[in-house]
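There are two complexes below, and they share chain A, which is joined by chain B in the first and by chain C in the second.
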Partner chain A sequence: MLPFIIRRFFHLIPTFIGSTLLAFIISQLVPGDFLSQKALEPNVRPETIERLRERFGLNQAWYVQYFRWMGNIAQGDLGLSFDSNQPVINLIARPIRNSMYLVILSIVMLWAVAIPLGVYSAVRQYSLGDQLVSAVSYFGLAIPNFFFAQVLILAIFLLRGYTGEWFGFNKLLLPVAQMTSTNHLNLSPIRQFLDIFWHMLMPAFVVATSGIAGFTRVLRGQMLEHLGSDFIRTARAKGLGKRSVTYKHALRPAIIPFVAGIGGLLPALIGGAGLVEIVVSWPGITPTFLEAIRQQDIYVVLGLLVISSLLLMVGNLISDLLLAVVDPRIRYG
Partner chain B sequence: MRKFILSLAVLALVSLALADGHAFVWPNAWTANPGEAVYGGTLRFSDIEDPRTLNPFVRAEANAVLDLADDDGAALITRGPDSDVWLPYAAKSFTVSEDNTVVDVVLRDGIKWSDGTPVTIQDYMFRYLAETDPDVGSNAYDSWFIGDEQILLEATGEDSLRFTFPKPDRIAFPVVALLPAPDHILGEVYRAGGAEALIAEWGTEVDVASTVWTSPWVPVAFTPGERVIFERNEYWGEWNVDEAGNALPYLDTVVSNIVESTDAELNLFLAGELDLFAPQNLDQVGLINVAVQNGDIDATVLENVSPVASSQFIVFNWNMASNPFKQELFRSVNFRRAMSHLVDRPAIIELVYGGSASAMWSNVYQVLDFWVNNDVPRYSYDPEEAARLLAEIGFGSTNDDGILIDAEGNELGFTLATNSGNSQREQILQIFADSAREIGVNAETSALDFNLLVDQLLSTGEDRPFDAILIGLRGGSRDWPFGSNVIPCGTNLHMYNTSGECLTPEETRMTELYYQGRETLDTEAAREIGLEIQRIQAELQPQIYTVSPAAHGAWLNRVGGQHPDGLINTIVGFRELPLTFQRP
Partner chain C sequence: MRKERALDAGTPLERQSKSQGQVVWEQFRKHKAAMIGGGILIAMYLSAMFAGFLAPYDLNEYRRFPVTAFQPPVKIHWFHPETGRLTRPFIYEYSAERDPVTRQRVYIENRDGERYPIRFFVHRPDATYKVLGLFSSDLHLFGVDEPARLFLWGTNNLGKDVFSRVLYGGQVSLTIGILAVWVSLLLGLLLGGLAGFYGGRVDDFIMRLVEVFAAIPGLFLLIVLASLLRDPRNPVAQAFGLQMTSAQLFLMVVIVLGFVGWGGLARVIRGLILSIREFEYAQAAKALGASESRILWRHLLPATASYVIVQLTLDIPGFILAETGLSFIGLGPSEVDTASWGLLLRDATARGISIQFVPWLLIPGIPIFLAVLSWNLVGDGLRDAFDPKKRR
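Right, the complex of A and B next:
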């Protein structure tokens, strides 16, 4: 196993250089630069813009900029943001953490809902329940997250109308934006945790729905395959109960691909929840990323890409290793 | 609105008259609810941008911390919402020399930083030195120059400062509204480590409690991406009072929530979690009105308060050496007037903005009504007149495709571009192209990436790579509403002609008038010059102005102290925060 890990580690280096080079070249192909917008201000002197361009090194050839940037990365420095003159890592650390909260809850929700549904669909194949699960989960897959979030926000507001009319309860049942309440800092640690959890419920649910369809269909297929196999027949023949056969014997091998995929979740954790974060104003990675792209604050954009590609590579490695752990048939030499 | 005649000599007298007391008195005329205010409470509003820095020398744009903590600090002079007259603020008084080039300022006693350190002229000198240091790269750097000559600031006594201007200048005068920067903290860093050390200070990771300010509220907690919480600065009330002599501000706490989209802002406002909101369009106004009618929130909504402080226009390229036909066409004043006749402004107002906009005829933002020339020639929507003007320059017949042609058979057509992603501008282009097509002008529309468009627009020389562009400008000042990079020939936003020299006598005249107006500190006289610039530009039509959208506003009725009716617009805003209060 160790030689395999070492070999894989050395493979990561050219992959990493290739991906950063590609990202850097693409960032250079975009017209204009960080200072282009400033040039449209009616009272800014062109000399000032040229001076700033020189200070940021934007007047140098792209490969000079790239090698300087790579040199810094080798020393663990992701560079400075043009916009705020701060180390990129300071700007992106907190949004990454905030996105992780959301993504972790949505993954927990996804597994909590999708595993029972997948098992149910396989055990009750072609039943009305199976069809219903398929229909609803495909609905979740088909509806864009940002739109579904807006629909849910509308539903929360509509519900306020009804509860106000019927029960005199004129408050929203769930928060419709942001990660914390205004008085968050005055709350006890446990109340702070609950405050964030309360704000996460709706967006995490939205993110989870998009994964449910794929997850249940694959799990259903895996389960059906195993349920029809010889060792299940043997288990049944031995007189094991239905629950034991389903959950102990069929689900265990069926879940292997998902366990192996856990490594792939690493980059997803910092990838954020996409446009849902914009809709509910979640201070995660997506707003930071989009703002940096809008401003062409390239080292912030590239810093995020570097971290995600590193995590993607490490995640793949972990997946491969996990596969060996959960599936005794696989050996690395 | 502005019935004042102002010269700086008169100003100095006014300033002395107001400087009798120890404190600056916030007039009752600046609030709709004088005498109703009570102490305490919280104001919750939102900012769309996450502050990227707390360092005033690094900031480049709107910033939820610095907008309040720095901008509302102890500026030497200030202006109220009701007039453009400068009032001494952190200055006890100021005097302007007869030739309008020297301004002497005496600092008010008793102003303190939020850590209790007295504010001295050293704090203003430090700010000046840092802002004029090119290595610091402050956004304010350019404001300290008139052309290439620097405005000088020197200490003339223990509590007095002197600004020396190379020549009188309307745009440059507001540098006298200088803010202090903490010499005892940032000044020491600057002296020890230079520009590089200074701009590395006060990033978003700084402990806000260690930062000091001279504003009514100071930041006490900052969570990036979430909110900034400000608490009352007790020292501020020692030199700021209302007319009854009560220390200001009234509110204990101000919370600025960072909300990255206006839709999310609207949701929070509808949920009753924001006190102030600026609806972006009539749809949002409608949703708020429904919530008010249903009794979900108790709010005031103001629709079409005033035009926004920006312009939108079509500009034709006069520098097309490689295409003499188009170059001659775009340089023809009759052609450009005809194009103005093809801009269906009423249709744009109705279809694009739902009635919530007004036609623009000159190069001054509609909201600056004191400066706007309402008597400029208007080449309003009139396709027949457009066809007549085009016939005059030789486009009297059409080809088989129905496109106007001249005697040599050249088709009258061009490409009109705008920035992609701006659906309103794209709709304006389509409305224009449809009207143009009706009389045989082939205007092909295209939407380009914003930076690509800007590169084309700012390209210089005899041959530039575009036909026509629809774009807008923001910025500019209420002191002289013409951009220094826009009107004079040879400047980078003189978009129709960047050959470096004036091509028409009208451009030469506007350039002369621009500089003459800047140097005229008598506002009424400057206004006359401004009216003339607008008249010439409207006749020349180098930029064909379209429409100016309107702004809206809303607030929960739990807060009071907004400006009185008539004192609300996009320049002076909806309220003075120190006079804002929460109703019991």
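Right, the complex of A and C next:
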């Protein structure tokens, strides 16, 4: 096993270098830079611009800049933000953390909803419930995340008319924007946690929808395939109970691809959380990324790209390893 | 069915001569959901094609006075106010007033005023359009006389008609997916085919390239490329001396979408080619001395066709979603003389707008949903129709 892990790990290095190089080249293609914008400001002297250019190494050839930047990354330094003159890592740590909260909750929702639904619709194939699940999952796959978030916000506002009396006057069922309430800082740590959790529920659900829909459909297919196979007939013939046959014999092999998929979910969901974050003003990665693009704050953009592609690659590695662990048919010699 | 077969048995040759296309079409027709999806798609594409005719107003038509910003959908009356009898549908004029308490602008139906019947096949010189870029016309399916305005789905912050804009938006949102799929098909076939056919170093290199692209989250890559290409000083524009018009921006977005999406297709085509290459007929062609390109283009790639058709159909909704997403954050095709459904949804998130007061601004999301749903249904139907195991 260990040699397999090591080999897979070294396999990542060229990919990582390639993707950083690609990101860097694209960022260099952007005409002008942050400083050429700044140079247009009347109160900035040309010497200041020159000095800054020198300091950020912008007057050197792109490949020199790339190697300098990569060298710094190897030492854990993502560079400085032009805009705020702070280390990039300080700027992006918090948004990444915030996106993580959202993603983790939505993965939990994904599993908690999709597994029972998938199993149910496979066991009761062609029943009314199965058809309903499959119709709803088509719906979940087709609705754009950001639109769904907007619709839910509208629904929550409209519900206020009916639920007002239960929750006190003029209170919403769920918060529809931001990550925290206005009095967040005055709350006790537990209340703070609950406050964030309360704010996460709606966006996390939205992020999870398309995943739930896809997951349910694939799990149903997998379950059906296994339920029709010989070892299930054997298990039934032995006189095993229905529950045991379904959960112990059919679900276990059916779930293998999803166990392997955990690693892939994490970074995929961060990308997927993107537009929802904008709709609900979640202080996450995507709004930060867009703002940095708008400001031409190249090192912040690159920093976010590097971190997210690292997450992606590590996620893929984890899923490969999990697959090798879970599925005895895969040999990793 | 069985009876027909028995009768047909006398003329076996005729029965065998069914082409694959015919078989697939027969199977597809039995897939009810896919047929419904196909019907919806045909209706949507036709309505986008004839958007100018179906839309009562032009894409960017609005007037300053009397104000129409954020006007809710008009109420269409079917019954005569005095006699209470069914009459030809009509509307009243609306006037904007301030709510005395909240100072919000509210629109009040002017029930004492004139009734404006909805007329069909009206000429409006203010809103001329071109069908397919060929015929110029100012004929509209329906409309009302000025000064009343027929806002079926309300208006946006500038008082532009949402209904007309949704129809025009379809021209961008519906075509961009199809075009982007061709870009990704071209790249995917070319690179996947090369990788599978030559193997070895070429394969290694191309697959590494796919991995490199896959290692950058798709949304971020899209955002970076789209914002790069939107800049009028971008290298492509400078190389060709372009003044980015909205048509060129549109093409740019198509290329960016296809460019980000080709990896998966290339990977699968490579896998298919690798296995088909070992089939007897491919080996036979090689033994007969066929050239490499002939084997690749005549024997290997056609064998992947059914898979590719299905995959492309299932990729289109993804591209539609990506385009509407890009437009939603303001990085789609230009907003000046084109619209896209994502861009229209962006109106609902503008600063200082609460959705509960302008719920009709969410309407453009419904056609996105419908288009994606229908493409998914059609794709699933095609997949089942091509799959011999699922013959019915």
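A few remarks follow.
Rule of thumb we're sticking to: the second predicted complex is superposed on the first by the 296 of 333 C-alpha atoms of A that agree within 3 Å, B and C clash if a C-alpha of one lies under 4 Å from a C-alpha of the other, contacts with A are read in each partner's own complex, and residues count from 1 in each chain.
We take it that a residue touches a chain if its C-beta (ideal position, glycine included) is under 8 Å from a C-beta of that chain, and two chains touch if they have at least 3 such contacts.
Since we're looking at a predicted model, the values are computed, not measured.
Of the two partner chains, chain C is the only one touched by A:I293; chain B is not. In the superposition on chain A, A:A142 contacts chain C only, with no contact to chain B.
Applying the stated contact rule after C-alpha superposition, one finds that A:L312 touches chain C and leaves chain B untouched.
When the two structures are aligned on the shared chain, A:F16 is found in touch with chain C, with no touch to chain B.
Contacts of A:R51 after superposition: chain B is touched, whereas chain C is not reached. In the superposed model, A:I153 lies in contact with both chain B and chain C.
In the superposition on chain A, A:S27 makes contact with chain C only, not with chain B. Look at A:V280: by the touch rule set out above, it reaches chain B but stays clear of chain C. Touch criterion not met for A:M100: it reaches neither chain B nor chain C. Residues 30-32, 150, 153, 157, 278-279 of chain A contact both chain B in one complex and chain C in the other. Listing the residues of chain B that touch chain A in their complex gives 42, 44, 49-50, 52-53, 55, 58, 60, 134, 137, 141-143, 145, 171, 199-200, 203-205, 221, 223-227, 229, 255, 257-261, 263-265, 267-268, 270-271, 273, 294-296, 449-452, 454-455, 458, 473-477, 483-486, 492-493. Taken together, the chain A residues at the contact with chain C in this complex read 14-16, 18-19, 22-23, 26-27, 29-32, 138-139, 141-147, 150-151, 153-154, 157-158, 267-268, 270-272, 274-275, 278-279, 286, 289-290, 293-294, 301, 304-305, 308-309, 312-313.
Chain A meets chain B in the complex at residues 30-33, 36-46, 48, 51-52, 55, 81, 83-86, 90-91, 94-95, 98, 150, 153, 157, 160-161, 164, 170, 172, 175-180, 182, 184-185, 278-281, 283-284, 287-288, 291, 296.
Contacts from chain C toward chain A in the complex involve residues 208-209, 211-220, 223-225, 227-228, 231, 233-235, 238, 317, 321, 324-325, 328-329, 342, 345, 348-349, 354-356, 359, 362, 365, 368-370, 372-373, 376-377.
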